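Letters A, B, C and D name the chains as they come in the text, with residue numbers starting at 1 for each one.
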Amino acid sequence: MDISVYAILLYAGMVAGFVVVNLALTHLLSPNKRTAVKQMPYESGMDPVGDARQPFDVKFYIVAILFLVFDVELLFLYPWAVSAYIDDASGVPAGLRDTVFGVMLVFMATLAIAYVYAWRKGVFKWR
Amino acid sequence: MLMLVTIFLPLVAAGLMLFLDIRATPTRARWTALIATLATFFASLGLAGEFLRLPSAEGVARAPVQPRMELRHDWLTLERTDAEGNSQPMRLEFYLGVDGISITMIVLTTLLCVCGVLVSWTSITERAAEFFAILMVLETGLIGVFCAFDLVLFYVFFEFTLIPLFFLVGIWGGPLRRYAAGKFFVYTLAGSLITLLGLVSLVWQATLQTGLETPFSLPALSEALRSNPLPDSVQTALFLAIAAGFMVKVPLVPFHTWLPLAHVEAPTAGSVLLAGVLLKLGSYGFLRLLMPMLPSGCWDVGVPLIAVMSVVGIIYGSLCALAQDDIKKLVAYSSVAHLGFCMLGLFALNVEGISGGVLQMINHGLSTGALFCLVGMFYERYHTRSLSQLGGLATRLPRLATAMVLITFASIGLPGLNGFVGEILALMGMFDAQHEFGRVYAALGATGVVLGAWYMLAMLQTAFFGELKEPHHDDHAEPVQDLGFREIVTLAPLATLCVVIGLFPQPLLDIINPDVKALVTVLNNVSHPSTRATQAAAEDQSQFPATSSASFGIPADESVAVLHLVNPSPAQPRPANPGIGE
Amino acid sequence: MDGVGLEAYLIVGAILFGCGFACLLVKRNAIAILMGVELLLNGANLNFLAFARFTSLGLDGQVIGLFVIVLAAAEAAVALAIALNFYNNHLSIDVDSAKELKD
Amino acid sequence: MLDALVEALKGSLSLVLPDIVLLATVAVVFFGAPFLTDERGRSEAGLRHRWSWLALAAVGFSGWLWYQSTPVEVGDGPFRLDGLAWFVRGLSLATLVVLLLVNWNQVPDGASAESIGSLLAIGAGVNLIAASNDLVYLFLALELVSIPTYLFLFLPRRDAAAQEATTKYFLLSAFSSGLVLFGMSYVFGVVGSTNLQVIGQALAAGQNGPLPMLLPVAAILLIAGLGFRITAVPFHFYAPDVFQGAGTSGAAMLSFVPKVAGFVALIRLLIPSGWMGPDAQTLANLTGPTVWWLAVITMFVGNLLAILQTDVRRLLAFSSIAHAGYMLVGFQIGRETHAGIDGIDALLFYLTVYGAMSLGAFAALIATSDESKRYETIDDLGGLSRTRPAVALLMTLFLFSMMGLPPTAGFLAKLNLFFAAWSQGTESGRWLAIFLAVNAAIAAWYYLRIIAAMYLREPAHAENRHQEPAASVAMACCALVVLGLFFAPDWLWRAISVVS
């Protein structure tokens, strides 16, 4: 195996080493007198109110799912964007451009239906 | 056309009853059922008449299994890809036909169905419409079996009869009915599945060997197998597989445990049909499927196996019957014994034996059918069937007693009544049979006649003669009457037939013989070691001059079974007969 | 090809598949099981891309890779929805708590 | 060159026109749904019937399109319309109609749109599996079947049991999709193409790509993944719980549609169509005896466990596992039968008859009681012949057909399997036939228990006035099919043998 493989391994080793060494040093050298104040979570000087683990409202959860789905749909747009309008042979031939655009419109329409469905179902209603 | 009417008239009537007025009052249901079964009976008589008017089939060359009247309709064509990859068709057909053996069984079935309806006239009150409808569906199934000449169609009707009987026994049966119905159903189904396997492999081997286009139709298959039979080892294996289902149906001893239970729990009409016809499906199956298709299978494994089982069946059945306290169980075990005779006759594999077996099937149907009717009538009066509580009833019920005595004598095999003809022909057939222990089986079988007489007469004696002992029943108003008009009408045809067949078996034999002879030709030309040596002996034996038996109106021509009615002990020793220790 | 051969990628793909498989069998938390499934799908995805890269197939493998990613997302979305619903009924996403049907 | 591309695009689209119609209806349904329900998810009564009528119209139109289309020579495009695809599309459209009828009153009005939309999507998915000519589209179609199934299972009954059933089904289904995909990746890699036609020929010709030893592994993974769908034994654990937990219409759909999807996918992947000689190397005969053992174990486990059941739906679940075992026998026989019936024909015939039987049985279950107080155990069914004679009669017909008794098409289906298994001529084929016979006998016992309960016992529920017209119509159609196929099986058999 030639040099390029070692390079990657070396680099990975250094990164890992750097992290481990710092953690070890801070842990060993730091004075640790555990007082109540020091144990408090640091919220830029303000006193923390309530428990850090409050349950989120459900609507955040659902919005997250919807974001996941719509974001991934973006993936399909990349190949189209790249190949639709370049002139050399690798792209979509000129004559087909509008049909491919039509197909893309159908794809966007289905997404729109999903969006309207979610919207009417009251996902985005922010109480 | 008449054949279609006979088969499907009961089904149509049952359908009408079920769907039009399922909540019908018992009387209306009874009458419609009676009319339908009578119509079917007359249709079957018309069919028989038409059959008899056919030109006699003596001379014409024919396949071992050949219906005289037939109705064919295409059903399913399977493609099979043979070795080179191109596909040959394999045609299944609705192949309905009638030949000598099946026409007699059809008439027997329709007659017993009429008696079944009559005998359950008063005993069935709740859900009567469904009862009679299911009875008629069963009738269709039974007639269908006897008319089917396509392997799959035979199997279809054979298994179709399970369903109505399951409901008959299950709904209107005795206390243990659910268990009896379940056991009977699964027991017979398991057996018939093994038979299905056997049939499938039989057809497959046949198509491999002969490349037949309609391998399922019995005539074509038997004809093809006659020209190039399957190798012996294959035949024995197939024989065992196919026989499994039929052994369960004809209760041959180790597989008979479902019969007494089913009989005791079945309603009267159910057990009349169960004993009268359903048990014959098994022996009919042997006759129709095994003998023509697997002749050397019959010789090698069939004769020793089935003959032993039937002999054991005769003796064991009789001894069990002896020990019974319940009359219905006694009659059930007696039918195990009688079916043993029938199978013994069938597996003599010669003309006398087989025609004796077929005759025995018919006679047993008549006598045991009548017996179960009588037991049913008995039960309606005294609501008990245990012999210990009954005694000396002849004084109380003279007509019932006379009928009982007559029918019992018929089933014992008193000469002059129908039982005797069947049994003696079967035993004669086995006695002359070519296989080694033919004589031994015949002798052991003969003891069955004695045992039969013993337990039947014992039953008669305890129940009907001696001092009167009636079961204690609360003294409701009127005392028990004797046979009413309806009951006499039910028993009359059966009794007269018993007597008529007893005296004049020849017409019946003439109907059966052409088919039996065709069957025997297949069985005989099997190049079987033990038959070759005795081939010559069998030839000259059938020319044996019949002694003067004309007095019983039996025309003595040599083709008919030889009857020694006048002097049972053979006057002169038979020439060159194969000794026992051959 | 002097770089890392096709077999290496396949081995990594198989390892991913193995981890996903093990995670599915061991974990009881619905979300953890979902992650196991994602690992499974991504292992297969890696195979597709490795074959696309090393054999002369070129685009086909990548197209399949694209589809698999989108499908994994769809599965994840449905899974999260079901887990959410599961949480509402059982107040925990521990799969073992689902015992109604165990009779 | 340009219009050739346009032509190819139009051509491949025309192959799947009926499915596009279905998917368009799904889009319309999901688009319209939120506008007709208020915030709390309730809408005016009878909405579910209107959605169902719309769906039936769409299926009718798609059926008309299907009827116009004829099988066409398989090109190298993404889709194909060969005999099998044409047959499976007809079968799945018929199933859709029955399922729509079965699902008529099963779903509350609020959720009816989603339920019907997912049902249509599942139907389109099954069609696409059969019509796909490419690994990618096959996998997408499999997903198009499984994702709406989660929805369809959950909607009718929103209680904890349905919830648990759906979760269980989801986790295992996702797992099986992973397996299938992994198997596909190896097949793709080794053979070098995603087109099923090319894969079939490449395998048959025997020239394998870089790492041929991966092929058996791929075949095993594919069988494992698809085995889940057809509830083959090692992957059948979800079936009883999901059948009992999910709504009856969900169970009805689960008992048949995944089996069609699974078997068609198996046929597409493992046994390429076309007669390439008995010993051509196909993925199927690479796997050696696995399918054989799968079939035998599935049959026995399905039947033996079914005997222990008291709940009707669990019993039907185990019986569907046993039927999957019988169909696997047909699959194991496959095409190389000399002097015998083609295993795949027997499998497809059995699949069609099984569909009619099981959908009919579930339709009968629905016709007896509505979801709120539904019949659970066999004792509930006691004496049904008194309270509902018609439903009891049809249920008995379906059970006799499952048992394989003559007056029903179940008998012919089993006879074909017997014939196919026996006429394979090999020792393993004969043993399969013998096991098939033994299992048919075992199966008779638990079907008989239900029939005995219905006919021989006193009625458990005194009065049962629950009328379910749509389910009764579905039940009647299935009964017609089960009886009709017994008396006139020839047209179906000829259609199948022409097809595969």
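Keep this in mind: a residue touches a chain if its C-beta (ideal position, glycine included) is under 8 Å from a C-beta of that chain, and two chains touch if they have at least 3 such contacts.
A quick note: this is a predicted structure, and the numbers were derived from the prediction, not measured.
A.B. asks: Looking at A-D and B-D, which one has the bigger number of contacting C-beta pairs?
C.D. replies: B-D
A.B. asks: Can you tell me which chain is nearest the middle of the complex, judged by mean CA position?
C.D. replies: Chain nearest the overall C-alpha centroid, as shown: D.
A.B. asks: Whole-Å distance, subunit A centre to subunit B centre, using C-alpha means?
C.D. replies: The answer is 83 Å.
A.B. asks: Please tell me the distance, in whole Å, between the geometric centres of subunit A and subunit D computed from their C-alpha atoms.
C.D. replies: Those two chain centres are 39 Å apart.
A.B. asks: So what's the Cα centroid distance for subunit B and subunit C, whole Å?
C.D. replies: Their C-alpha centroids are separated by 67 Å.
A.B. asks: How many angstrom between the C-alpha centroids of subunit D and subunit B?
C.D. replies: Roughly 45 Å separates the two chain centres.
A.B. asks: Which subunit C residues touch at least two other chains?
C.D. replies: Expected reply: 74.
A.B. asks: What pairs of chains are touching here?
C.D. replies: Those chain pairs which touch are A-C, A-D, B-D, C-D.
A.B. asks: Could you pull out which subunit A residues touch subunit D in their complex?
C.D. replies: Interface residues on subunit A, with respect to subunit D: 93, 95-96, 99, 109-110, 113-114, 116-117, 119-122.
A.B. asks: Sort out for me which residues of subunit D touch subunit A in the complex.
C.D. replies: It comes out as residues 1-3, 5-6, 9, 27, 30-31, 33-35, 39.
A.B. asks: In the complex of these two chains, what residues of subunit A are touching subunit C?
C.D. replies: Its residues touching subunit C are 1-2, 4-5, 58, 61-62, 64-66, 68-69, 71-73, 75-76, 79.
A.B. asks: Considering the complex alone, what residue numbers of subunit D touch subunit B?
C.D. replies: 275, 277, 337-342, 345, 389, 400, 403, 405-407, 411-412, 415-416, 418-419, 422-423, 430, 433-434, 437-438, 440-441, 444-445, 448, 452, 455-456, 489-490, 493-494, 497
A.B. asks: Using the touch rule from the top, collect the residues of subunit B that touch subunit D in their complex.
C.D. replies: 22, 74-83, 85, 87, 152, 155-157, 159-160, 162-163, 166-167, 170-171, 177-178, 181-182, 185-186, 189-190, 193-194, 196-197, 200-201, 204, 207-208
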